[in-house]
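Look for subunit A in each of the two complexes below; its partner is subunit B in the first and subunit C in the second.
Moving on, here comes the complex of A and B:
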């Protein structure tokens, strides 16, 4: 599961305070993908950047900017970092947790796949 | 693009068949109309044949989609589909979910939606049985996970419950799952978004066309073929309305 996908996932059980899910990573791998500046630039408005930034920094990448830098189209260093975290980092094993303190439901990531399915009792 | 399935996967997931290849032909011809940097979502990706090929073609044609996502209710299918990304250097993401549950697609919206649904009309009994297996599998997954099974061991354990029936069982008219999914998909579609849908003659095609028309979509038949007793269609619905529904 890439962070690109994490940006789209929310808790199934809660109506409010269900996004974003907190990530805990046990194992991740980098799979290189050709950098395309145009693709990254077009993706930025479709993402919740604050969520992405918080997640990336929580996962250890402390220098990742909190906001999209000014003049982003020229900021190749930033774009390449963004490319690495969004497109190249695959979380193979970990957990996604609902941020709602009265829920905290865990969604496992195993073999790179997030499992968002609720059990029968949870429906 | 190679699809390698394990022996278990041949039993547990929908192995590409005539419908898959018809759909693939249609999508190959349609790729030229996909907008640049599209968000492409396939519901029920199965072996990954459609989303995998679409991702590959987009990558090759220098129109790499922003996101290609395959969703499947069957963990075994997600495993099979994601193997394609590793073996073919094609990148799309797989999510194990029941329809759109857990997916906050509001911000990105969907530009291209691909759906080869469980289209076969089946009796209530069969629908209930599918539901039962579905819950059983999820329970098995939760138990195995809690017992710290991971990697291949987890895959093998979870594959002991077979959801193959869920891949074709469509209840009355073969539309039980299809309606639920379409109603949600429509809400996420971006202006000028396209929905590709597989149907057979037994499905209420007129009703489907009317449903889309009422939402501001224009419908087309892209492909038609007869295979044994099934007359198969690939339908295309293009969102004409400027406002998102």
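Moving on, here comes the complex of A and C:
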């Protein structure tokens, strides 16, 4: 699972305060991928950048900027960082937790795939 | 070409004479060359005559040659795509017929991708595939330079297999998510395009409607989907209610394998299926603003 997916996932059980999910990583892998500047520039406006940068800094990449830098198109260093974070980092093993204190449902990530299925009584 | 090969053979013969019969060699070269040539010519001629009559009846000026060139290129691309999609394996073991697991045949997937490319460019779009199954449609999308594909699947084992095969086939940008579309909560309008082959709703009634409604909510662009032709009128109504346009792009005879014998008593049953585009109803508002 990439962090891009985390940007889209919500807790399926509750209706409020269910985004973003807290993330816990046991094992992660970096798989190299070709850097495409145009693609990543078009992707930036579609991201929830605040959520992304919070999670990235929580996971240990402290230098990652809190906001999108003003001159994104020229800022190649930032774009490469973003590429690494979004496309090359795979979370293979871990756990997602609902941020709602009354819920705290866990969703496991096994072999790189998050499992968001609820049991029958939870639906 | 044949001449060149035969002269080379001649030279070899003079340098180190062997017991090999040179006449035979030349004969074989000419024979193979001729058959290949005839085949290629016949293939081209067949497609020239059969497929797009407007561009190929009279090639009189340069533009026509250009059209023809593009046509040949497209044909080659289509073949490449199809042979790429043929690498996707079918469901391992016994498919779960409660989930209506059936693979989209590679030839259909190719045609579907071509139809979408006729409608719009897929470059740098974020796409989603609901109920991806073997990942056939996901693989098709990956060939079109999309930014990312999110593939949602309910069956955990199938999801693992699909992730593995797709990773072997393509280095690219896709992610699998195990979920139940029925109660999955999507942040609204995060995805540009959805292409899916949902269950037809023969086992679980209305499941196709649930998939569609979720897709409408999740996508801010077009939704492409495959449905039974018998539900066409109902779907048209549903599309209107959700402010979507409705357009049948193509009708297919979808083969359902023998595994679904419980429903179909013939050896290989075909179902009449529509490939539908649910566009966005936006133009009227835009015109008023202008």
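Brief remarks follow.
Just so we're on the same page, the second predicted complex is superposed on the first by the 123 of 123 C-alpha atoms of A that agree within 3 Å, B and C clash if a C-alpha of one lies under 4 Å from a C-alpha of the other, contacts with A are read in each partner's own complex, and residues count from 1 in each chain.
What we mean here is this: contacts are C-beta pairs under 8 Å (C-beta built on N, C-alpha and C of every residue); 3 or more make two chains touch, one makes a residue touch a chain.
Predicted, not measured: the structure shown is a model, and the values here were computed from it.
Look at A:9: by the touch rule set out above, it reaches both subunit B and subunit C.
Using the contact criterion defined above for the overlaid structures, shared-chain residue A:119 touches subunit B, although it does not reach subunit C.
Of the two partner chains placed by the overlay, neither subunit B nor subunit C lies in contact with A:100. When both complexes are overlaid on chain A, the residue A:39 reaches subunit B and subunit C alike. According to the touch criterion, the shared surface of subunit A, contacted by subunit B in one complex and subunit C in the other, consists of residues 1-2, 4-5, 8-12, 19, 31, 33, 38-39, 42-43, 46, 87, 111-118.
By the touch criterion given at the top, residues 36-37, 39, 64, 66-67, 69, 73, 75, 78-79, 82, 86, 91, 93-98, 101-105, 107-109, 135, 138-139, 141-142, 145, 150-151, 154-155 of subunit B touch subunit A in their complex. Subunit A contributes residues 1-2, 4-5, 8-12, 19, 31, 33, 36, 38-39, 42-43, 46-48, 87, 93, 107-108, 110-120 to its touches with subunit B in the complex.
Across the interface of their complex, subunit C is touched by residues 1-2, 4-5, 7-12, 18-19, 31, 33-34, 38-39, 42-43, 46, 87, 111-118, 123 of subunit A.
Of all residues in subunit C, those touching subunit A in their complex are 124, 126, 147-148, 150, 154, 156, 159-160, 163, 171-173, 175-180, 183-187, 190.
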